[in-house]
């Protein structure tokens, strides 16, 4: 998994039928300090995450281990909204502090 | 998943029998601003995407979760054609605007 | 697998139900000399690893081959705590020496 | 999948028993213009590809979806020999032109 | 798969029970010319490879397709010891020549 900030949303009406109802989020991956790495990925949303929130996402076949994504052609899923994290005892992020 | 622009097509007559009938697209991966990252990948087409269109593609075992790719030696599939996306409320792409 | 140092922990109360009880660690990946590569990843903890410890982690579907992670949307797991390693006969790390 | 040029072959007599009979090719990955990216990978051959030919290869679990590689510890397979490809209507490669 | 040189070994006594008995090797990945790329990975040993030997390793779920690694949280396995390889007819490595 990795930490990422939800940057935006993707609309795609013409798609594999099994994907109908899934919400697609553009994620900006961040490092342990919460700094953007510059890499982006598109993930299905399994937890109701909003733009601006810090989240955890899982990739590969593990991204299909949620009810929303089971047996779908989806290789990335947001499966947790992050409250906070710390690095060597130093809090790097707390939800709400940057909002 | 990631965002990509369909750049071209690949013809390969000598192949695994299970691949007969699949259409192979060359994709140029783009970032959240729609700018080419320089990375390319070849994907099977599951939605009838055309050259120049923005699409979503899935990789790995998830790429086999479509009728077109089930149980085939295919690790990348275009499973949606993108209508639009936005980053922090700013629309970065809308289908038709660049055509 | 790869070698990494446990750098911190992530708290996420709003998550896929199957993830309740899992502990999430921020890992800093190191090279053969024990030097940080700068890359970070978030892993589930299957062995009770603590901040500062050197560990081995597995990625992808293999990360679900532990009791803690079976059938969960988890693509990275710490599955061993490293005692020591050597490169061409030269010991690069021994647990306790840096603590 | 990606495009690659077959650069050479690997001989390995001491191996997992299930791999006996597989032919291993060294591939040089190319971009959409057919230019070498510098990255190499070793793939099993499922289509009888020869050194110098342009091919398509699949990675990960998808590489086991051929008769030659089924249930084997093989994560990369050449599953098609490329005849030609074009980018935005411009033919970038045609088999035979460079031989 | 890729080519790598066995650089060292890792000792980890505290680990997932299913991993008991597996030998962990530190691999330095090499390119088609046998030159180190600088990337390292830790693999389980399925063929009795020794430090200094050139090997082939497989990653991902394919790394679990050996008797030693079946159903274990292991994403990388050495499944062949390389005798030799050649690039465009030029022998780049032969076992014994560098020992």
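Here the chain labels run A, B, C, D and E in written order, and each chain numbers its own residues starting at 1.
As a working rule, a residue touches a chain if its C-beta (ideal position, glycine included) is under 8 Å from a C-beta of that chain, and two chains touch if they have at least 3 such contacts.
This structure is a prediction, so every number in the text was calculated from the model and none was measured.
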item	value
When chain B is superposed on chain D by its C-alpha atoms, the rotation angle in degrees, nearest 5	70
Distance from chain E to chain C - Cα centre to Cα centre, in angstrom	20
Rounded Å distance between chain A and chain E, as computed from the means of their C-alpha atoms	33
Residue numbers of chain B (touch at least two other chains)	60-61, 63-64
Ring topology as an ordered chain list, initiated at chain C and continued via chain E	C, E, D, B, A
Interface residues, chain D side, partner chain E - complex	7-16, 18-19, 24, 26, 28, 38, 40-44, 51-52, 59-61, 63-64, 71-76
For the chain E and chain D complex, residues of the former touching the latter	1-3, 31-32, 46-48, 56, 58-66, 69, 77, 79-89, 92
